[in-house]
Amino acid sequence: MRRLTRRVRKKPGLPPGTLIHTGERKTEKVRLSVFRYNQQTVDFTEIDSVEKLPEPDTALVTWLHVDGLHDVELISEIGKKYNLHSLLLEDVVNIEQRPKLEDYTDYIFIVVKMLSYDEEIADVRSEQVAIVVMENLIISFHENERGFFNPVRERLKAGKGKIRTLGADYLAYALIDSVVDNYFIVFEKLGERIEAIEEELISNPSTSTLHTINGLKREMLLIRKTTWPLREITAVMERRESPLIKPATVVYLRDLYDHTIQIIDTIETMRDILTGMLDIYLSSVSNKTNEVIKVLTIIATIFIPLTFVVGIYGMNFEYMPELAWRWAYPAIMTIMALIVSGMLFYFRRKNWI
Amino acid sequence: MRRLTRRVRKKPGLPPGTLIHTGERKTEKVRLSVFRYNQQTVDFTEIDSVEKLPEPDTALVTWLHVDGLHDVELISEIGKKYNLHSLLLEDVVNIEQRPKLEDYTDYIFIVVKMLSYDEEIADVRSEQVAIVVMENLIISFHENERGFFNPVRERLKAGKGKIRTLGADYLAYALIDSVVDNYFIVFEKLGERIEAIEEELISNPSTSTLHTINGLKREMLLIRKTTWPLREITAVMERRESPLIKPATVVYLRDLYDHTIQIIDTIETMRDILTGMLDIYLSSVSNKTNEVIKVLTIIATIFIPLTFVVGIYGMNFEYMPELAWRWAYPAIMTIMALIVSGMLFYFRRKNWI
Amino acid sequence: MRRLTRRVRKKPGLPPGTLIHTGERKTEKVRLSVFRYNQQTVDFTEIDSVEKLPEPDTALVTWLHVDGLHDVELISEIGKKYNLHSLLLEDVVNIEQRPKLEDYTDYIFIVVKMLSYDEEIADVRSEQVAIVVMENLIISFHENERGFFNPVRERLKAGKGKIRTLGADYLAYALIDSVVDNYFIVFEKLGERIEAIEEELISNPSTSTLHTINGLKREMLLIRKTTWPLREITAVMERRESPLIKPATVVYLRDLYDHTIQIIDTIETMRDILTGMLDIYLSSVSNKTNEVIKVLTIIATIFIPLTFVVGIYGMNFEYMPELAWRWAYPAIMTIMALIVSGMLFYFRRKNWI
Amino acid sequence: MRRLTRRVRKKPGLPPGTLIHTGERKTEKVRLSVFRYNQQTVDFTEIDSVEKLPEPDTALVTWLHVDGLHDVELISEIGKKYNLHSLLLEDVVNIEQRPKLEDYTDYIFIVVKMLSYDEEIADVRSEQVAIVVMENLIISFHENERGFFNPVRERLKAGKGKIRTLGADYLAYALIDSVVDNYFIVFEKLGERIEAIEEELISNPSTSTLHTINGLKREMLLIRKTTWPLREITAVMERRESPLIKPATVVYLRDLYDHTIQIIDTIETMRDILTGMLDIYLSSVSNKTNEVIKVLTIIATIFIPLTFVVGIYGMNFEYMPELAWRWAYPAIMTIMALIVSGMLFYFRRKNWI
Amino acid sequence: MRRLTRRVRKKPGLPPGTLIHTGERKTEKVRLSVFRYNQQTVDFTEIDSVEKLPEPDTALVTWLHVDGLHDVELISEIGKKYNLHSLLLEDVVNIEQRPKLEDYTDYIFIVVKMLSYDEEIADVRSEQVAIVVMENLIISFHENERGFFNPVRERLKAGKGKIRTLGADYLAYALIDSVVDNYFIVFEKLGERIEAIEEELISNPSTSTLHTINGLKREMLLIRKTTWPLREITAVMERRESPLIKPATVVYLRDLYDHTIQIIDTIETMRDILTGMLDIYLSSVSNKTNEVIKVLTIIATIFIPLTFVVGIYGMNFEYMPELAWRWAYPAIMTIMALIVSGMLFYFRRKNWI
């Protein structure tokens, strides 16, 4: 997944509110799209300059979506246009934020992490989504959207469900709900990987199994870091501590809260399962050592005494009467065969062979 | 038990309240049964069409039981009939819900998990039960009932206990109580399995013992996931935060709460015991390795020096006066016997043999 | 100690309040004894029929003690006589209750566990004590009393301390205090066993040591299960949430609370100590393996090379000039002695011998 | 340190408030010393009989210090003189109390543990200090004082700091502060021991290292048991829940609270460090086993094949042409030298030598 | 990092408020610098005597910075000048304080730890910063500043951001913010070290790897000890429990709180990762032992039986017909080659070679 710690903040001592983009530098233009809708109408435009930023309108809900965060200048202009606090803007462009909800009285500022499973790198990708909720205006910032919010756009256009009858707060809910839905998909993929390793663990455990288990544990750690605050965010919204959240949306927020609890439950369960797998791995290594030593012991225990016996009759003493006996050789071979049988019997009784 | 993570929700972006059944597809018809009763009368019918759904009645308590969740159309019609919220219906058909209680002011919505021990697969089976509590109406949804609520039906018919003198809230209590009672039976079965493994652990631990212990630990994990919220549910009901819960039922709900606490206690105890068994398993593997190595060491320590001794007199030097001595052979044999005795004495003192 | 899980409840679906005795079936008659006292007088009788059950009396405190729970009929009659709730009676006869305090407004119902150390089975015995506290009446139910409350009886008869000057609540306190005092005796015995194992652990650890440690850990687990709720019980009583608890008793309840905290502390300490002993056991097994391998290595390292050397001069090549040398034999013996000395020196430096 | 569990309480069933001294029996006389002071004057006397016990005086603060607890009669008389509750007196003489603060309205009763490091037994010594705080009177009981409170006495005599300008509550603070100061000295000593073991752990770990680590862990456990309640005590005092605590003392109590937090922090850190040391110990045992096995493997791997080779030419077959070759002996020696070189190269590459 | 426990407090029994400097003794003069500013003007002076200490001024914010704590006399004079409590001064010079916030009504006293990564000793350095917040006055004490607050000084001089428009509370925030910013830099360095060890762990684990991991774990422990209270400090400030904190500063304090949460998250994540690395280390040691034993077993299993075989034909019996057979020698060599092949095949199948 992500690196352990990235450069997380401004240079020490810089004034707070200094905008420093911490993500990848890109050169493409930031895309700005605007939805304006109410129960009757819906209007969608892509704009290309700051002058065209929509004016707030009490009759319509306006959704301004900013896709790309590298143009700090642009973000700053948007901030000025809608009177956003400079600390808020600093948090928008600093993509190492912890998920959080901040109530600035006139607007609520929400930061969440969009998780997605990238099949190519077989790893979880995390991107920051920042949402500003105003009376009739939603501004959403996304590092690199790649179509995650398309279903919401479709519903807005089609007017399906309640999305156009309820206000800006419901749209904010719908966006966060999309984010949370993606968590479940990520867990499905991780669950599949865990099950795959589980089989490997039983059939053929190796050091690489251990590293995969540890890697998954660490991913859980990082996902957990993004999920626990999510729970707090939805709980705060559901409690309607801000007048921007309308009563009609509360039942949906409760549903959302419920889903975040389910996510947390799943993380904790997966963590416990991975810990159990570590135990199995370690004990299977011990078992293998045990197996190897058993083989060594059986071989050594059988042949070392025999080698001693044949050594006796390899001695060159002049007076060893047995050496001249007619049946000494077959006799000694028989005795040794009996010793071997005795030992095999002993090992069998000990359940070693 | 159940798979780690199943497909848990609607496709991301679908409007909330979309009904998608996540359990097994079945083709049988959903069974609908209706009880109508008060202290004097009781009336039971099985209905086969939505038109025959009972009208609420203030003089009688009505219990509509839906056995089977795959007919999403039907569930949706029931929802319309009784004005149930679409999010509630979504939760009814999505069988991966976390147990919960939701207060929709006019009705309370409760989701619990019916656990049962399936002897055939030697595993715990979990099924979702959803209960809607209204003023004089209980609607219960069950994925696949298989007679778990029959004793409640018997009591209704016989009028035993207080079941017909108290209202709909008491019936809801009686249903949840049936569910909780089944948890104890499941624990009894799991307790038996734990005791069986415990004996195996002492008499003959093997890798399969380890896997069984780990499997039980994981089941505990999943049962725990369904039990902790149960406690919250009964606590909320007991506190009577909704007027739908009557004072006369509170003492029974307290009893129910008590039982859920007992269940949680049992889970925690079993988890601790399983952890202790893992420790014993690991140490018994170490002990076995130790045993094996001891055998190897005893054999090697006795015979390797002797082999060296007989090797000496196998050398072909021309000037080895001992070789010609008359009693050299018996002397060397005696010396070796003494060496062996000394070593056996040493091992005995070390408590190895 | 006790089995992991016993049949803990009524058959699923039976109406709540059904009396089912879950302890051992016995045939002796249940003993009923009645104390009636105030500051001036004290009167003690054993009664043998339900008709003789004492009437409550405001001038005297009445203590009805029921020794034996197998006569469900009798318990039920007592319940009717004093208007006890059927759920309460169910809990009295079901001896697998969790310790608890329930406030039924007119009376308080307390369940605690009497622990005692049974020297014969070298194990802790747990019996259920149920106490109903009314205005001037205490009813106590005990599975099998065996004289645990005799000191309280003595104090009642002798009028020592405040037992006769304070009311029914003080008597309830005195009974629970007797129970808690017995916990300390149990801990003393367990402490002695832990110390005994500790010495065994240092002098001669074996698999049986491990099983004893694990057995003690499990007992701690089960004692803990009965102690944590005890703390809650005494805390609730001390807070005087019921008017049945008089201010004069509070200071004694605080003392009682203090003792339960001390018990919990002791349990946690013992658990930590047992965990530390497990660590020592495991590391001592590793150490022993290490010892054994060291012996093997020393013997093998010394004699295997020597055996090779004598093997060389056992070869039958025709052209081996050394064989004919006059001092070859003593020379080779000296060389081998030097090799051995060198190795012994090496092992000494490595601190192996 | 102390034994795991000492006889902690009165015989079960004795009335509460029975005075039973649980410490060592001693025969010396208990010393009683009295300070009477205000801002202007200070007066110190040692008294030898109960009749001379000072009367409370509103113009002066009186500090009665009782050094020795074995004279139960005397303690009882002091209790009568100042109207102390019998439960309080029971706690004074029972030296196995948990630290606590109890508010008896007219006075506060505080129990703390004086820890000191006894160089002779290289162990921590714990003694009970009980303090009764009244309006103008402090009574302190100490099992065996040995001069710990001398600095406080000096300050009282010299009138340094605020000790004579503030009231009885400040004196109580000063006494507890002395106790807490001694904790830091104990930690310093323990810290030194931990550092000493740490070096031993790296240079030469042995079983005795393990036992020392475990012994220190257990001491931490027992110190922790005495420290956590100390925090509660100081927190309660700082919140001024009793009118006996004056506002002027609060800032000092906050300082005291701060120090107890620091002590708790130190304990937790030391515990974590000791746990880390256990891990290192265990892994170093594994490493040593690994070392030993490596030596065995190298020796065996080199010489066992060589012994086989020389064994071949020790066979007595009549038709073994090599035996008669002129350069067979040096050739075989060279081949064996090459085999050894190859193996040494292999081990070097594996990083074993 | 720092030693486990340093001499943390005054000699037991000394009156509280006695100033004892616990850091390194230094001889340089303590530097005192004064900033006086408002929105319009800014004035900076370095002063060299106590007489020149600035008078508080309601029109200007005054920042007195004391760099160096060893001149106890000077600190004491500053305390007198501004009426600081003697306990506060004691805490200023005792550099082993736990981070904390104390409200003395007229002023707030804050202690934090400045962490920095010292490349030379490859370790974290911790220094104490004490800040007194008054109405228009900030007094900051720093053990050894080394320029950490220079960026704040620059901003004050340049008048950048809001630093000169907001009051003394904002300056206090700016100083603490500088401290917190340095934590992130320290984590970056530690993160780099963790990643370096991680690679070592995979490529070439050794005992020194273990010690480094343990060392990092201990550093985490100590950083954690300084961070958790930091969270409490910022939370208390944000809640504005003192009128010294103005509403305009709250949004910045919330931002600060957010950063401390992020720091705590990072510590916990790093701790979990280090624990995971310990597991990998231990299992890699086991794996290596396994490898070594496998080599030993393969060699011994192949050659010990062969040595026995050649031993047989080294016996000196007179009647061993094989010895005289023409093809006996090549036959026996072939048989042995077959045995070796069989064993190699067996090992291959077992996946050992």
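Labels for the chains are A, B, C, D and E, by order of writing; each one numbers its residues from 1.
Just so we're on the same page, a residue touches a chain if its C-beta (ideal position, glycine included) is under 8 Å from a C-beta of that chain, and two chains touch if they have at least 3 such contacts.
Remember, it's a predicted structure, so these values are computed and weren't measured experimentally.
S.K.: Chains shared as neighbours by chain C and chain E?
M.R.: Chains that touch both chain C and chain E, as defined above, are D.
S.K.: Rounded to the nearest 5 degrees, what angle rotates chain B onto chain E on CA?
M.R.: Fitting chain B to chain E on C-alpha positions yields an angle of 145 degrees.
S.K.: Could you tell me the distance, in whole angstrom, between the mean C-alpha positions of chain A and chain C?
M.R.: 42
S.K.: Averaging only over C-alpha atoms, locate the centres of chain D and chain E and give their separation in whole Å.
M.R.: 26
S.K.: If I count partner chains per residue in chain C, which residues reach a count of at least 2?
M.R.: Answer for chain C, listing residues that touch two or more other chains: 282, 286, 289, 293, 296, 300, 304, 307, 311, 314-316, 320.
S.K.: Among line, ring, star, complete and other, which best matches the way these chains touch?
M.R.: Looks like a ring, each chain touching just two neighbours.
S.K.: Taking the contact definition as given, in what order do you meet the chains if you travel the ring from chain D through chain E?
M.R.: D, E, A, B, C
S.K.: Which residues of chain B touch chain C in the complex?
M.R.: Where chain B meets chain C, its residues are 148-152, 154-155, 160-163, 177-178, 181-182, 184-185, 187-188, 191, 194-195, 202, 251-252, 254-255, 258-259, 261-262, 265-266, 269-270, 272-273, 276, 279-280, 282-284, 286-287, 289-290, 293-294, 296-297, 300-301, 304-305, 307-308, 311-312, 314-320, 351-352.
S.K.: How about chain E: which of its residues touch chain D in the complex?
M.R.: 3-5, 7-18, 85, 87, 98, 100, 102, 104, 204, 207, 210-211, 214, 217-218, 221-222, 225, 278, 281-282, 285-286, 288-289, 292-293, 295-296, 299-300, 303-304, 306-307, 310-311, 313-316, 320, 322-329, 332
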